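In the two complexes that follow, subunit A is the common piece, with subunit B as its partner first and subunit C second.
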Partner chain A sequence: MEKRLYKKDFGSFITSLQGLGYKTVAPKKDNNLIMLDEIQGADEISLDHVITNNSIKEFFFPKTEKVLSYRMEKNKVEIEEPEGFAVKAVIFGSRPCDAFSLPVMDKVFNWDCSDKFWVQRREAITIVTIACDKCDSYCFCTSVGLAPDAKQGSDVLLTKISDDEYVVETVTEKGENLIKGLEGVFSDSPSGVPDRQVATVEKKFAIDKVKPWLDENFVHKVWTEFSLKCIGCGACTFVCPTCHCFDIVDECTMTKGDRVKNWDGCQFKMFTMHTSGHNPRSTQGERWRQRIMHKFKYYVEKFDSILCVGCGRCSRVCPADMNISEMLEIIATEASQPGNKD
Partner chain B sequence: MDNIYRPYLMNISDMVDEAPGVKTFRLNFSNEDEGKKFQFQAGQFALYSVFGYGECTFCIASSPTRKEYIECTFRQAGRVTNALRELNIGDTLGFRGPYGNVFPIEEWEGKNLVFIAGGIALPPLRCVIWNCLDLRDKFKDVTIIYGAKTVADLVYKHELKEWDARDDVNLVTTVDPGGETPDWTGKVGFVPTVVEQAEPSSSNTIAIVCGPPIMIKFTLPVLEKLGFKQDKVYTTLENRMKCGLGKCGRCNIGCTYVCKEGPVFTAEEISKMPDEF
Partner chain C sequence: MSRPRVAFFSFSSCEGCQLVVLTIEEQLLELVTLIDIVSFREAMSEKSNDYDIAIVEGSITRDSEIERIKTIRDTAKVVVALGACATIGGINCLKNQFEMKKVQNIVYGKMADTFDTIPARPIESVIKVDYWIHGCPIDRDEFIEVTKAILLEKKPRIPDYPVCVECQMKENVCLFEKGIVCMGPITRAGCKAICPTYTDGCVGCRGLIDDPNLSSHKNLLSEHGLTVKEAISQYMLFGGNSKEKFE
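Take a look at the complex of A and B:
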């Protein structure tokens, strides 16, 4: 049965979760940013935003994480496994686009062999999403098959129905168990159909035109043209909830060290450079093409899923004003009215 | 759940200086049980690590027919390979693998084999060459064409002598013009030219090519001219890799992940990939 959660009960919701041993994460003001971050109490929760500046991915795939530790003594090495990386937590107030990035990324982190750091965090963390009641011009979830109140990837979905009231829907068994364990926090729904406050996100391009065009246009002037202003900073890849490329490096002292997995990005020149200096993707145009191809062609062929959730963070953060949905609009237009390739 | 980033620990039991900056290590598993269980096939690669410096990717250069050890050959170039070079016999290093697909050696039985390698790309073929030579009866003529910049840069000099001395191996060595010494008896010229001159018959023959991208680029058309069908020409690609497991996202050529779907490809498969080498 549908439940209600009143804003005034956020406090008891968060304290009950903490009482059950959950770490609590929610959108929180950090100077002029809104960040998903650990909170101690409900008073820290910020809800007056379109989307958090950081994506949800860092709670499952941190910017930097130990994959093993070791001790070195003369020529002997002893390896130690990292412990305690999967902390039981609830992420409260993430957006549906962020939540959907998780089942999308499950595919690559479980391809053939599973990355236990991802998998165990996925098991430990429960996602309570709040549907978007507003959007901005960068949002394009509806163009990639999602919606501002999409449920995939969330364990519980809250939708605002008035300034101080949310309707609660459980999506998964994990979500159901969470709600069950919190009796008293949620209220029963009165009868009648609630008036859900959900943003209207304009559809910007026809996604079904994109892949067929990409299949045919690995070589096309648009790749260079569009990326001429790109400065290769890679910020787009770091804020993206579905960019998952990483580097593995060692950090150590003389006697002990860690092997560390760090976020990396396809927009960096060094990303693909061979030892010899040869670089398969030596220009920014090639690197930009890789980003688009990976998201809208390669990942689709491998895993039957687009590697983009339409959150628009990459475009919001780009210092050169590169806009991924503009790129996709160009592609969709080219697909309908082919221009000159060269 | 296993940690897919955890390497085996291995100890260096022997080392050879092959060429300036190029070394071969013989490695044994620190844990004998792990060594007994370990299996690989020709063509596969691994991530080797020096603790405190990081990991680097190269092929397994020894043959799976020789089970007691693994050998790797590397050129000192970056942070990790410089650190590798500083290691001594008895030292411990990390080994993560084997990864990737394999050369379909069983399919080649009853055929002639032509191996073509350039420079530091002989190590990935050495694995297959010894694998096939250890099963010599199963194959017909074996030709090895190997070139390097200079005489000093040829790797596995002792094995080249051994192959040269064998009646059942036809070895052609070459160095780039200017790389010869006064007593050099091999050929002088670039690998694609030497292959054209050597004219290996394409009839019932498999060609296995490995070298720098530029060498592969010019050798494939030569093989085509000699009548080799694209599906009878094999190569092994190397792209920058960090995980070796299809997750870190950098080794792809178009939709193909070299670490998982490769590193072994036929020329036919490569011809269908976008030009992103």
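Take a look at the complex of A and C:
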């Protein structure tokens, strides 16, 4: 049966979760930012924003983490693997776009090898999403096949129906078990159809035009033209919920060290630099093309998913004001004008 | 290199980067079990002309320094440039904007003729440099990274991306949004964005990245009501030796 969650019950929701041993994460004010972060109590939760500045990915795939430690002695190597990295947690108040990024990323983290860090955290963390009741000009989820109240990736979806009331929908068994374990926090629904407050996100481009154009236009002036502004800071890749490139380095001395996995980004020159000094992507235009191609062509071919959820964070954060949905609008427009190549 | 002999040298500088080395404390103790420090005037009285690794702080600002740095190069197997003065010329290059005669008169007054001076320059413009530890002052972790790399005969990981990357990692709000001139978009990272983190615009003490997007940086400045002139004057604090890149 459909349930309700009242804002006044957020407090008991959070304390009940903590009582059950969950770490609680929610959007929280941090100076001028709204960050998904660990909270101690419901009074820290902030819900007035369109979207958090950080994406959900860092709770599954942190900026930096140790994958093993080693120690060498004469002919012997001792290896120690980290433990306890998957902490039981509930992420409350994430957005549907962020939640959807998780099943999209499951595909790559379970592909040629299963990334235990990702997989175990996916099992340990339950996602309680709140549908978007507002959006801004950077949002374009509807253009990539999502919606401000999309359910994929969430375990529970809350939709606002008044300033202090949310409709509760369980999406997965995990979500259902979570709700069942929280007696007294949720209320039964009164009769009648609630008036759901869901944002209207404008559709900016025809996504079905994008891939066929990319198939044909690996070489095109638009790549250079659009990326002239890029300063190569990689901010877009860090805030992106679906960018997942990383670098593995040994932080070591002669005899011992940690093998560490760090976020990396395709917008950096060093990302593809060979030991020989040759760089197959030596210009920013080539790096920008890679970002678009990976998201809208290669990933689609390999995993049958677009590697973009339309959250718009990359465009909000870009210091040089590069906007990915503008790029895709250009592509969709180019695609409608055949023969207009270079 | 088995247990190399290491010597520190001071050229025109405040020796602050060598003081930073002394603050690395516990790691320094581990480091001295792997190397012999044979000259280090900030830390000891002994001196030696027999060394494998020369760590050089300071820029070249006098003719006599040219001869001295060449001798160091001839003796050492490895030369490390330590700090902004040595790596990019640094703050000493401020004087390059003036006539040398004028600078001499301002600084030495009546004694001006006693002291020669030439436009300041990084040591790289006189000798071949093997490793660079950037910054004013240097970053401790980077000092350890480079010395470890030398000992392990590996290439050190020195960033060739802008300071913006580290600002993003720290989740800082962009200073341009606050109307502050920042050289971060074109400056080599590695400082952990310390100045922007404390809301001071980057002044570029670590020098430019290898292929900075100067035109985009100019646009960014003007979009936020700032001028290239302001940016250049900020950059000149450390980057006087590479002014032509802005023209």
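A few comments on the model shown:
Simple rule for what comes next: the second predicted complex is superposed on the first by the 329 of 342 C-alpha atoms of A that agree within 3 Å, B and C clash if a C-alpha of one lies under 4 Å from a C-alpha of the other, contacts with A are read in each partner's own complex, and residues count from 1 in each chain.
As a working rule, a contact is a pair of C-beta atoms (placed from the backbone, for glycine too) under 8 Å apart; a residue touches a chain by one contact, two chains touch by 3 or more.
Here the structure is a predicted model, which means the values were calculated and not measured.
Looking at the shared chain after the overlay, A:Asp9 reaches neither subunit B nor subunit C. In the superposition on chain A, A:Val77 contacts subunit B only, with no contact to subunit C. In the superposition on chain A, A:Lys63 contacts subunit C only, with no contact to subunit B. Contacts of A:Asn32 after superposition: subunit C is touched, whereas subunit B is not reached.
In the superposition on chain A, contact is made by A:Gln120 with subunit B only, not with subunit C. After superposition on the shared chain, subunit A has more residues touched by B, the comparison being subunit B against subunit C.
Contacts of A:Val249 after superposition on the shared chain: both subunit B and subunit C are touched.
When the two structures are aligned on the shared chain, A:Pro280 is found in touch with subunit B, with no touch to subunit C. Common to the subunit B and subunit C interfaces on subunit A are residues 249, 252. Partner subunit B is touched in their complex by these residues of subunit A: 67-68, 70, 72, 75-77, 79, 81, 108-109, 111-116, 119-120, 218-219, 244-250, 252, 257, 259, 261, 264, 266, 271-276, 278, 280-281, 286, 290, 293-294, 297-298, 301-302.
Residues 30, 34, 148, 151-152, 157, 159-162, 164-165, 168-169, 171, 173-174, 176, 185-186, 209-213, 215-217, 219-220, 223 of subunit C are the ones touching subunit A in the complex. Those residues of subunit B lying in contact with subunit A across their complex are 1-7, 9, 11, 49, 51-55, 75, 77-78, 81, 88, 90-92, 94, 212-213, 238-240, 242-243, 245-255, 260, 274-277.
Across the complex, subunit C is touched by residues 30-33, 35, 53-54, 63, 228-235, 238-239, 249, 252-254, 268-270, 284, 317, 319-321 of subunit A.
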